[in-house]
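Below: one structure, written as structure tokens.
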């Protein structure tokens, strides 16, 4: 690996050097601004008035992200693994829609253009690279994934049954036009969102709705309980994995200087 | 028990053999597809256009579930206990509505037919058989059932009182037409669902509604706290899986030095 | 205290004798039915059709509760303390509205009669006597009352400020007619109830509303965290207050038979 | 520092003397009443009818708070640090709008006057001084700020993507007029507020909305888990208030035998 490539690698992938930090800060701002542009251009009035300005800015950012993408490929240690990694795909997706829009201008319908314009919003996924500290949260969620999947499966069964019952009780006259729509209503109700676009009108329907709400209000405790118990465990493990050199017992607080079991001086905790 | 019956039992009830696993996967897909059919046929347009196709598919699945039911009876070790178990009843309920619909075609009204069609949705309960891993969650909920019942009783008292007060304050003019309806509104509000089909219009009513919301927002902590504390305990018990060398019982704390069951010195915990 | 009074005291206040249990079950049903009557009579159609029947039933229950109240006064050990206790006041309130309605028939307006009719709903508070097992929950809530009060005070400050800001941003044209109404809207939003009777229409208003929702979504964690931590402590204290006779250390599990610190046989845990 | 200034300092800043307590109680009432006045005067009818009375009361409270502010400056030990402290700024803000309104009467538009009137509501921040006991809650929130920021960042990414998808799926015809508005809808939905001012009308939109609700219903567990785990730790640390005889530092675990700070044998913990 040449010296220049190595230096580029440190700047672009690393965060330890001043240049690397500067690059990251610059990139985060570029992502945020380009996402904001996509958001703003979706507003009718802004698109009409500032359309051209946004078109130019759009191509500046696409150019920047293209240069970034090419540099990342150039300087990465294992090019193939970068291109097919999550971040490599995201970096490609951040520039692809703009070039596709260019290619498809002639033949394509308006819908495709609009879609490509919106797809550029996935640039925000480039931010995920900077959420590195999220791994305690992610680990907790990951370790409780089986329990959460089972919870979702159970909730699905519940929602289907409630939906079918409400379809029979309320019927199409009160907005429950089909079982899928009734299930949608049940999910809206059991998650305590409560849009109010469909509401029960019969007394029996309101009684069943009350039951669904009370159940939803209580079972919110289940995912909370799962994640809390897992997080508490994770936090505990973080603190207490160091063992005393004398009695080799763990579980010391992060501010402990002496072993709480044998009084021996602890080397380093945390 | 004959060899064939034993083999069938292993395939149908067991999950250890490849054939048993294949059977389970096949059955889960059959359940999901047949439930999806019931959902789709409840949509007016689909029922009109594809009515005949759905009718044929319906009978194919009814046939499959009938064969499954008869085989389960045939090969179960204790037939009587299977038939009257939760799963036996669910398996029967999964096929009964279709046959009842056949019997009642002549005399029955449209409502009965519609009801029978919807009842087929309870086939989804056949899935419960595969939620075996849910028992940590179920155990936590089961062990906290008394506390949750008391919580519900307390909430019922609260909702009745709030409902009566809102009925007096707002009155029929603002949609609070009776105390039961006011209680329905209170449940909608206190569980933070908030449909918005009935809302307080007077200043006093809005002040009382605010109080109800703040209470609901806080007491959601109670079921969450109960389940979290219980789950944390369950997880803790799960974790300390080390078994005493003398009495081979697990569940010791991580700082235990002697077996809490037989007093034998523990080698190493954690 | 005479023998008859003592026996009555055991039946009415006690729950250990068969007669006492029977009395409690009978009373709970009487409370539930009489509350259901008050609920039903508030429905216009039912009141019109079954008015007379409900009038008679009402007086039967008033009579029963009057007898119960007099018997409780007669047989209680300390009459004065019973009459002025929470339960004594509730028992009096359960019968007072009916007699007041009788007294005020001549002169009173319809509103007073309706109010007195609704006040009878407070009979449901007689049920609180039977929620004795709620004390673990109540203790947890009671011990965290200071923290919850502070949480409410902080939330009040937040709601007032958000309400004032929304009043300025949205103004009377979009339904935010006054600051108190804006505060009502903020409470509806921050508790995630979301009726939808008042909603922000300006872009700035929607941005501020989004902020309020995200804050509300997060700070729900605070009461939950308080109560969970308190409940976990309560559950822990319940389990582990017994101390080993040999080394007098506590913290044993409820199923422990030997001290986990010194291996000494534990007398009795739980 | 003169005797009078010292005495004033004790009364105004202190809470230990009877005069200091009386001053605090008086001030809290003055804050609450003056805030209530601002709330009430924002109601059209009240402003019209009692306008003059409120004008007089307003100036009485402005006078009181001005005297309080001047006295606080006069008697504080370090005047500069008080003036620029959070409380000093809040105390100034509590009186500034009234004087500004006086200055700007001639030239200013109605909007500025209305704004200044509403700004007086920030007087409620003077109450923060009395929420001193909130520091356990504040500390827990502060220590989990990084995790909560990451949680918010992740949620932002989620909301932007969901918003863009819903904008494409539902389109302007169903109320999703722009991506920012779609993001507003996503926040309303994912936080389970659910106003119902914008609702999905297409089947695909309702399916995506259901997904957003279920995700929102589950990830509410994350901030709850973070704060609960943190609070439980804080409460645990609070509990072990026993101090080492040698170094008089507290915070030992209940099963500690030696001081974790200096290794000194602990007499008795718990």
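Letters are used for the chains, namely A, B, C and D, taken in the order the chains are written, and counting of residues starts over at 1 for each.
Throughout what follows, contacts are C-beta pairs under 8 Å (C-beta built on N, C-alpha and C of every residue); 3 or more make two chains touch, one makes a residue touch a chain.
As the structure is a prediction and not an experimental result, all values here were calculated from the model.
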(request) Could you let me know which interface, B-D or A-D, is made of more C-beta pairs in contact? (result) A-D
(request) Compare the two sides of the subunit C and subunit D interface and say whether they are made mostly of the same residue numbers, over half shared, or of different ones. (result) different
(request) Using residue numbers, check each pair in A-C, B-C or B-D against A-B and return the one sharing over half of the contact pairs. (result) B-C
(message) Please identify the chain with the largest separation between its CA centroid and the CA centroid of subunit C.
(response) A
(request) Averaged over CA atoms, how far is the centre of subunit A from the centre of subunit D? Could you give it in whole Å? (result) 28
(message) On a C-alpha centroid basis, what's the spacing between subunit B and subunit D, in Å?
(response) 40
(request) Mind pulling the residue numbers of subunit A that touch at least two other chains? (result) 151, 180, 183, 192-196, 220, 224-226, 228, 230, 232, 251
(message) Can you tell me which positions in subunit D touch subunit C when the two form their complex?
(response) 35, 38-40, 42-44, 114-115, 118, 121-122, 124-125, 127-128, 131, 133-134, 136-137, 140-141, 148, 151-152, 155, 180-181, 183-184, 187-188, 191-197, 220, 223-224, 226-228, 230-232, 235, 254-255, 270
(request) Mind listing the subunit A positions that touch subunit C in their complex? (result) 192-196, 224, 228
(message) If we count contacts the way the header does, which residues on subunit C are in touch with subunit D in the complex?
(response) 146-147, 150-151, 153-154, 157, 160-161, 164, 167-168, 172, 177-180, 183, 189, 192-196, 199, 203, 206-207, 209-210, 213-214, 216-218, 220-222, 224-226, 228-230, 232-233, 249-251
